[in-house]
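As structure tokens, here come the structures.
Both of the next two complexes hold subunit A, though its partner changes from subunit B to subunit C.
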Partner chain A sequence: MKITEPTDDKRGTILINHWQCGVPVTHGPVLTPFLLMLSGLAAVGVGLAVLRFFSPLGPFSAMNDVYAWGIWKTFNVMTLTALGSGPLALGMAAWVFNRQKLHVVMRTALVSGFLFYATGLIALGFDVGRPWNFYSALMPWRWNSESAMLEISICMPLYCSVFLSFEILPLILERVYYTGGEQSRVLLSRIAPIIRKAYPFVIIGAYVIPLMHQSSLGGLLLLAGTKINPLWQSPVMPLLYLIAAVFCGLGFTIFLLMIVCLRYARTLDAAILAELANLLSGACFVFITVRIIDLIWRQQLRAAFAFDKMSLLFLFESAMILGPAVALRFRRIRETPRALLNMSAVACLGGMLYRFIPTSIAYMPLRSTTYFPSAPELVMAAGYIALGSVAFVLAVNYFAVLPCEASTWDHTFRPFGWPTKAATSPIVMPTSPTVVQERAI
Partner chain B sequence: MLNSLVASAKTLESIDERLLRCGISRRSFLVFCSTLMIAAPYGLAITDKMRPEDVAAGLGRVVRPSIIWLHFQDCTGCTESLLQTSHPDFGDLILNVISLEYHETLMAGSGLQARQALDEAVQKHAGNFVLVVEGSIPRKDQGIYMKLAGRPALEVLADIGGKAAAVVAIGSCASWGGIPSADPDPTEAVGVADVLTGKAIVNIPGCPPNPYTLLGVLLQYAADKTLPEMDDQHRPKFAFDRDIHEHCPRRAHFDAGNFVKQYGDEGHREGWCLYEMGCKGPDTHAGCSTRHFNEIPDVWPIGIGAPCIGCTEKSVAFKVPMFEVVKLHTIAAPPTSYAPITTTRGTISPLATGLVGIGVGALAGAGYVASRKFSKVEDDESAPGSEPPTSGSGSDSDTKPGASA
Partner chain C sequence: MSVTLSRRQAFKAMIGLGGTAVSALLPAPAQARASSQGHGEEHPEHPVAPTNAIAMLYDSTVCTGCKACMPACNEANGLPSDTLLSGGIWDMPMGLNAKTKNIIELYQDQHSDEFAFVKKQCMHCLDPACVTGCPFGSLVKQDLGAVTWNSSLCIGCRYCEVACPFEVPQFQWQNWNPKIVKCEFCYDQRLKEDMQPACTAACPTGAVIFGKRTDLLATAKERIAATPQKYFENRVYGEHEAGGTQVLYLSSVSFQKLGLPKLGTASFGHYATKVTSVLYKWLAGPVLVAGVFGFFIRRNWERHEAERREHEEKTGFPDQL
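Up next, the complex of A and B:
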């Protein structure tokens, strides 16, 4: 990584194209009208969710006996946790395959992934038919080891509440360090080395557990058997769900980074984005390859090109994945911001389609019933997403989430960051933390 | 046949010999063995076999157990229940499978004759017979409220029970006091275990209990002088280890929140869950929900639409009011009402489709605007994505300004 010279700009807004560490947004108002609108939507959604808790599921959703999985499960959980798999995909690349360059964007991926999982779990919590029995999930002796749902109901909350939370712990500790008193600084300086040593071992779980539950989500659909159209219903669905999670996570991380950089007027690091785009393209190719081999193996290729409704849907979905995969092979597209943004968005949509279609559109039980989410259901689903968005905006404003140049932030306390040259470079270390800020943190 | 029976009554022979003498076919015996396997499926040494032939092989060698049956403060309901067994029917049971020496309800004799029969049987089989007790034992005022041939029940039980090889307390009354011990308990009624100590006692509570439980226990004892594994209340585990609620045929209605609110209402006619009518199923351990009475499907309280009263549980039956809703310990109680979830046809509301349209449109629009911003500012050096003037060269990571600029 190239080290840029520290500048005397104190606001963290100067345009630098080498991301080196996380830096909070320190300028501009936090409470924008857009954020207030999102908060309002989140409040309405959560309010409805609370109402639903005291009232039955019936008036709130259009779910019925045949379509017991409404939009909260199929979209908020099955589909959006794929977007929230950024930490898995990036972490695998950064930690396991040693692409150190990517550590700098881990924080953005982590925060977004954590929020996707958290809001998905909230959605799931309000969707559980018998919530008064849910505490049994904490008691292993009450587990039903025969249940396919068990793996997910244990794994997802565990991943979100333990491993992802541990991974984003540095953000919170750093903030405590900068805003807390002298005592907390001393304490943190003492425990930081311990946490730092434990960090790589603890987060092994963070890369094993999502592999399990992301594939289990596909495994769950195997139980639906012939109810799912054979173009999607396949024994390799667990694997495909996992690969879809990987490229959705990568694609969404690119998309998110570009959007927030646009919003907060930060420059883009072409090297990192190109690297991510490379990975995204590769993952998409792997997905398409597995998908085609699977179709040939199951002799469904003819059905895929029958040009009926399902076939067209399949072709559309595949094009959405194959398009970015091919396009991002071209260096010019990888390095043109607009094209990269578009392609990552298209790849995300393709992955989301793949995760969503077998649960809803291609899910065709024999009984002639349809499902379309009701208005409260939709508002609740949108409310959860709005809740996550509000939390993300607040996170980037108050925590060192978004990547930026090292020189714009005080680095006296970087106990958890990956050791980069920037962190160890002879930047003049102030004796006391001088938080560069325009706005009071 | 009658003569041969009378002749054989003098000696006890094995079940095989007995059946042969009475001309009962091998096939009917195998049917009986199969019934036993089903009635007492596991946990009972004599029926815990793979095939009915194996059960028959073990059972055939069994010398018919001699039984002395005493009635104390009871309603004879347990006997009535036993009378209804059809595999084997009662005649077969008492004549060919067990050797019933004394039973006040069934014997022809009375008065002195009956007393002599009892004395003789006790003397003849002392230390070998199984004593079955039906009914509770009064203790108040030296037990004068229940007398047998002039002797209080306490004395009779101590006397005969002391000579028995094993004691089976059948019914809730004999197990712990049952109905006579219900508040205000005028006779201070207690069960066999409270009077006889230091004896092997099997409690088969129930009001009435399933006769196959008794039969299974007796046959196992006759076969190898062992008693089945028992729980802390001396109930044989093979029959009392299940919670009624866990295996109830109406459990699905409980889970779905379909409850009978009033006898005769729609839910009652549809066979919904009786939990809110005071069913004690969640607190009661017995095999009723899986082994119905008299081999007729659904012949048991809940099956005919009456809530379980918990007759096999000392702490429930005749202690807790019949219509009191029990507290659930292992699972949380469902809400008292659910909205109907059975929808035959889905609906698509125009409002919902409109909302989806607005949402998708807003996202697509925002995406387009964001995307355009990137291209609009491509020439602007200070815009995101452009090559900054401060960066060094030589890196393959430099962004390329669009060629179209």
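Up next, the complex of A and C:
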């Protein structure tokens, strides 16, 4: 296979190649001290979570009846699943809006999104007080169909366990295909056509369902009514939460791709990153437009520029979103890796602020009580994030997640430690195209 | 006081005749409320109380702060005494909490001698935000209007606490099997047996009285009309707040000073569901979006497959999905 020519690099900052497919990281140590530290944090966090299951919530959190939702819900779920909306944003761009270029980075988005959702759901599972009653989710006659909470409590686990898992399945089967024996390949050649048949139908659900629950996360807060500062409390909050999820998903995918490519010394694909940056900028502009129209509609513009605490917070948050939106309009910035990395990080932070503020700083209940997460609460929240990070690093090392040139992949995966018969060269196949199709995953 | 007592006796007698008689006489509005509430809308902006809706009227100017209602409430609901502040001696809660469904609080001005008592418990809204938000219908608006909690359906998500504008539902943070503690109008304990709630039954001064909502609203307005200067803003708190509540307040000081929030007249359920109830009606919105997505995905899928076959022929390795 021919190595692709680097594209014209106007900035002269970095070698720019073409991303063609997912390629596993096959060099360097996996268990770095940093990863061990993260694993330790994850172990402590999950250990505390298990302890929490045998204990009331009281000793483990600083939540109270006025601030009934702590950071597990407001940060790990409501904020971080926005970052985990990459599969939604990129998938819709790639499959619905036919941005073919983005298929190659879908795996990075999918794995990170899956881990954000999975850790968020773990956080949720240990946050609710009576999880044993959750079996009601399987009984539609018990559903209160007008509750946004119902929508979330059913759609989020469903999305993560069915739709995201299905989208990630090829990733795992592919590894089995290359490292497994002949038997498993025969088995996979039977499964693969079924997956291909189902795929275009299943991914419809993979986009409709997160559209529903990401907007419902904003819809949740409508019932909180006057408790939330009017700069944030608005009937369009569901829409804004959804747009925030879209641009956070795009921004975080850019950020993650660049950071991880930096870590594993991979070259970047300027065209794909620029395409993502373009979408990110567009989504940020849509967000800001809706936000401003909403403020004018509700006659809150004066409050927004009153330069008091809440107004400054609003302006800061909006600047974090508007800044990248404007900056990424410039081709020069889009194609400068450092600037793109910074701008995508800023956009993510802006989106996270928007998703976090209404349930924390702008959440102003009647009774004067304060809430600041207690130490176990913080450790558990950090532990869930660390757990996701560790899983991501392992995924990058053992599965074909990160995009790279096809020629850099010798089709050997980093083995888990047991001997494998790795397929290092194309298997001689009959020339019949139908057989080729069956073989594929 | 004699007026109050006679009224109370009248209500007792009325309920004594039986909810059966009431429901037999007035089945249509009750059914209309249960199914579609008025004009076919699930959450009207200004819900109309059904004619059999019960209520509590609390007159802060009559209350002497004797707190007789608090032990009565604890006894009726089997609640322990909150003795944290009193060093284990007597019931002394700081506010509504996991051991307290009903409390008398004192508002006292720092600079003048203005003071007032206020009784806090569930407001039993006509369109309760907690019921709208409760995912599996653990919180229910019962007949007569009491809002009750069912332990076997609650997952402990605490959305009711976030949703309630009056911050009434309380969660047992110190219990491994936590319950939501809130006033349920003594629905199971007393209302079902045609008795009035424990707090109104215990009140010696008639500061809090029980009756039908329409009657109590009339009573409150009579009191306002009789003494025009006495009551704050000459209005009843709870008549329209958040769509109307089934606990009504009269006070000589500002309701906000008593810790009752300043709320609009629209119900929160209406505000929160007016768009989603249309979008999600019979799941029409999601199905429509799925149809549109399906069309485009199908089309783009064919293109993608063509590219994949080309790739496979060229390299011999299967292309990635």
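Everything that follows uses one rule, which is that the second predicted complex is superposed on the first by the 390 of 441 C-alpha atoms of A that agree within 3 Å, B and C clash if a C-alpha of one lies under 4 Å from a C-alpha of the other, contacts with A are read in each partner's own complex, and residues count from 1 in each chain.
Note that in this section contacts are C-beta pairs under 8 Å (C-beta built on N, C-alpha and C of every residue); 3 or more make two chains touch, one makes a residue touch a chain.
Because the structure is predicted, anything quoted here is derived from the model rather than measured.
Placing subunit B and subunit C on a common subunit A by superposition gives a clash between them. In the overlay built on the shared chain, the residue A:Arg338 is in contact with subunit B alone; subunit C does not reach it. Applying the stated contact rule after C-alpha superposition, one finds that A:Asn133 touches each of subunit B and subunit C. Between subunit B and subunit C, more residues of subunit A are touched by C. In the superposition on chain A, A:Ala265 contacts subunit B only, with no contact to subunit C.
In the superposition on chain A, contact of A:Gln183 is made with neither subunit B nor subunit C. Applying the stated contact rule after C-alpha superposition, one finds that A:Asn64 touches each of subunit B and subunit C. Contacts of A:Gln299 after superposition on the shared chain: neither subunit B nor subunit C is touched. Among the listed stretches 73-81, 91-99, 109-117 or 289-297 of subunit B, only 289-297 clashes with subunit C once the two complexes are superposed.
Subunit A uses residues 55-58, 63-65, 130, 133 to touch subunit B in one structure and subunit C in the other.
Chain contact summary for the complex, subunit B toward subunit A: residues 255, 331-335, 337-349, 351-353, 355-356, 359, 367, 370-375, 378, 382, 384-388, 390-392, 395-400, 402-403. Interface of subunit A with subunit B (complex): residues 2, 4, 7, 15-18, 55-59, 62-65, 67, 130, 132-133, 258-259, 261-262, 265-272, 274, 332, 335-338, 341-342, 345, 368-375, 377-379, 382. Chain contact summary for the complex, subunit C toward subunit A: residues 42-43, 95-98, 129, 132-137, 151-159, 161-163, 165-167, 169-178, 242, 259, 261-264, 268-269, 271-277, 280, 286, 289-290, 293-294, 296-301, 303-305, 307-309, 312-313, 315-321. Here subunit A touches subunit C in the complex through residues 1, 21-22, 54-58, 61, 63-66, 68-69, 92, 94-98, 100, 103, 107, 128-131, 133-134, 136-137, 142-150, 153, 170, 174, 177, 192, 195-196, 199-201, 203-205, 207-208, 211-212, 216, 219-220, 222-227, 235, 238, 365-367, 400, 406, 411, 426-427, 429, 433, 436-437, 439-441, going by the rule given at the top.
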